[in-house]
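Below is a structure I'd like to ask you about.
For clarity, chains are labelled A, B and C in written order, and residue numbers in each chain start from 1.
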Amino acid sequence: MTALLSVAALTAGYRPDLPIINGISLTISAGELVTIIGPNGAGKSTLIKAIAGLLPITDGTVTLGHQSLVGLSPHLMSGFGMAYVPQSDNIFATLTVDENLRLGALPLPRSQARAQISAAYDRFPDLVRFRKAKAGNLSGGQRQMLAVARALLTGPQLIMLDEPSAGLAPKMVEEVFGHLVTLVRGGVAVLMVEQNAKAAMRISDRTYVLAEGRNRLDGPSDRLLEDPEVARIYLGQAGGKH
Amino acid sequence: MLGLAVYLVFFLIVVTIYAIMVMGLNLQWGFTGLFNAGVVGFYAIGAYGTAILIGPDRAALIGGFEMPFVVGLLGGAIAAGAAGLVVGLATLRLREEYLAIATFGIGITIQLVALNFDALTGGANGLIGLPRPYFDRFAVSNAYNLAYLVGVILIAGVIYFALERAVQSPWGRILRAIREDVTAARSLGKNPTLIRLQAFVLGSAIMGLAGGLYVGFIGFVSPIDFLPILTFQIWAMLIVGGSGNNRGAILGVLVVWGIWTASGYFIGQIVPPGYQSQAGSIQAILIGLVIVMTLLLRPRGLIGEEESVSSHARKQAQQAYKKKPAP
Amino acid sequence: MLQALADGLLTGAIYALGAIGLTLTMGILRFANFAHAEMMTWGAYMALGVLTVFGLPTAPLGPLTFGWPLLLATVVACALTVALALLIDWLVFRRMRDRVGHLTLVFASFGIALLIRNVVHLIFGGRATYYTTELQIAVRVLPDLRIMPDQVFTLSLAVVLVIAVHQFLQRTPLGLSMRAVSENPSLAVINGVSLARVVRWTWIVGGALAAVAGVLYGVTVQLRPELGFHLLLPLFAAVILGGVGNVVGAVVGGVLIGLIESFSVLVIPPGYKLAIPFLVLLVVLYLKPTGLFGGTSGGR
């Protein structure tokens, strides 16, 4: 399986002289669900943000298909088939649900946009009655749905999510993860950072474990679930819930 | 030759008074990172405050308490500090530019009050006949001016050393820590807002003191002395000298004020009589260019003296522009 | 009383037009632009310049003091003001945006305002001037109320423009992008919005509105180089009163400030009128810094 996204020896951070991630590599292919886990401060969010073009990359490569993403302006990413759902502030609270979706569909031609938005409401029927409501009035779970719905509008090949389960009740987490699994079955590549390691590993194909800005372990998720080394990496530093 | 020497004494007195103002501004900007866009207002409050306290009692005026000069001087400085307190309390917890807007407002409002509140400030005519401190001890007015110059330099020196000590002290270290990382400082249990307020009020009081010294020398005060352009001049002095550094600031005063007076003289010679006010705008354009060009070419010179401060600015830039402003 | 109401509405309308542009730049570009009011000065004087340079006939339209030439000149002035705004952004702000804290941008705008104001002074002189020497008779509409046709025009145009801007922001894709950037630039970028494009259009809309507001001020009051400088405080007060980034707020804020100013003259000496916006500003900052409607990026 050729990789859809290829990240090699990536070094990046908020300041060029203070990298947070150091030489990280990963790959993900179409129809794969890959999880990134690790203790706090491991650089998981930084990695995703760097791939999305939101942080300066000082070394390494990022390739999506045949396209190198290093140095590209982040607003071009959706044009290359990449979508990104940040961990917090991932919807526009002052805009309505409808407007949030319309914004996400902006890169598309008008008729296609309308069709995609319609499909989004089919996929997430709970959002329908909140169409005209300000997104800030939605509950945490509904916001997450909206964020994911928005990301899917342009029909991306790769969707990256930063802690999609954060702050959600277990039932909502199940629902969100259920949507992700459906996506993957449809051929989309899903890359997600998760603090909720066990739940994430159970639904994903492969897992990368990061610590202190570097790769530590990776492999099929079911194998890593059994691996005591994973727990050690987590418990070696403060935090890390399962 | 004597005429030149007399002029030089005048020139140096003004330079020293402005240097005091610049040191006050430096405390606010260079050490605390606060943008005071209404410097002239605080200077004016100090000047008028002093004038009202020391002035002769006149029927038409509310003021004129005939206080000793020292009392007037301190009173003016305290009044300026109080204005700083009012503005600081309103804005220091908010977006940084709100302080700029509020101080800008003070600058404009004080000028309005000076022009209109005749009973207090003498209105457009100002307050005249103010007693110059210790004037009667001197036979010759030139000797008096020289003595005044010495006095002002001494006061400036005291302020300079006091500020240097303050910056090295624990209080000053906390100030520096806050400027570099507000969140970290807060986590150490220090209240950043309170300390920044203290620095702002102190800086404002110093500016007011400068105003009082000006009034003591000139012997009268009127709104014409407090035009908005003064704010820009003082800022240019601070920028040219390199902020965060009091020595550089004083050098900046000499350079900018020297260029200002020289250019004023030359432009006045060249420009035909009917266009004198437009000559003033040429000087203002020069000041504006100095400010903008320095910012473009040397932004670090404006932000501060050390690496750590400019990196804070960079991080601040990314935080401020890419995400929502940090609280 | 009624007269104060009418005058307040007129002043408020001009404040509102200027404040819309300012709230957009403060919300989207995220810095307090001290040069915004100078764009009003620039626009007003550019219109004057066009009229003077082309020696256009000043035959007035109906009861108004001006005719088609001024309207034409205003369109040109809008273009020239937009050009100035974009030029300044390109020369100064764009180079600094990613490098320095936004306080330095405020500072730069402070210096740029000084430059614009004095360039205008240099070219056009410091005396107050007018677009036309036509005198206008105020029409007595009610026993206590005198209105000039120019004022009616100003108010109507302001209303039309405000509605137009609102529709633009609510219904067009570009307007949606601008509102998104105003709330969260990083998220907007993730959504595929081009920040550069939004910034460009913010200057265009803000600059054009400022130019129109400047011309209207020149028509109903007078032209002088300090025009913008004296409007700066009311504009900031209007923006903060309404909530930074909130266009409806800016309009309401502008009208309110105009009305408060106008009614204040009934109780305090007119010389202090310019201090009123400052007092309103202080009150808002002490009581509710996020403004009446809450801004998009808030007071923090």
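Keep this in mind: a contact is a pair of C-beta atoms (placed from the backbone, for glycine too) under 8 Å apart; a residue touches a chain by one contact, two chains touch by 3 or more.
Keep in mind it's a predicted model, so treat the numbers as computed, not measured.
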{"item": "Chain closest to the middle, measuring from C-alpha centroids that were averaged per chain", "value": "C"}
{"item": "Far-end chain from subunit A, centres as C-alpha averages", "value": "B"}
{"item": "Subunit A and subunit B, separation of their C-alpha mean positions in angstrom", "value": "52"}
{"item": "Whole-Å separation of chain centres (CA-atom averages), subunit B against subunit C", "value": "30"}
{"item": "Interchain centroid distance [CA atoms averaged], subunit A/subunit C, Å", "value": "42"}
{"item": "For subunit C, residues that touch 2 or more chains besides their own", "value": "184, 186, 189"}
{"item": "Residues of subunit B touching at least two other chains", "value": "314, 318, 322-324"}
{"item": "For subunit A, residues contacting two or more additional chains", "value": "54, 89"}
{"item": "Subunit A contact footprint on subunit C (complex, rising order)", "value": "173, 176-177, 179-180, 183-184, 186-195, 296"}
{"item": "Residue numbers on subunit A that touch subunit C, as the complex places them", "value": "52, 54, 73-79, 84, 86, 89-95, 99, 102-104, 106-107, 150, 154"}
{"item": "Complex interface listing, subunit B residues touching subunit C", "value": "33, 35, 37, 86-87, 89-91, 94-98, 100-102, 104-106, 108-109, 112-113, 115-116, 228, 232, 235, 275, 277-278, 281-282, 284-285, 287-289, 291-292, 295-296, 299, 302-303, 313-314, 316-318, 320-325, 327"}
{"item": "Footprint of subunit B on subunit C - complex, ascending", "value": "30-32, 34, 92, 95-104, 106-108, 110-112, 114-115, 117-119, 121-122, 125-126, 184-186, 189, 225, 229, 232-233, 236, 240, 269, 271-272, 274-275, 277-278, 281-282, 285-286, 289, 297-300"}
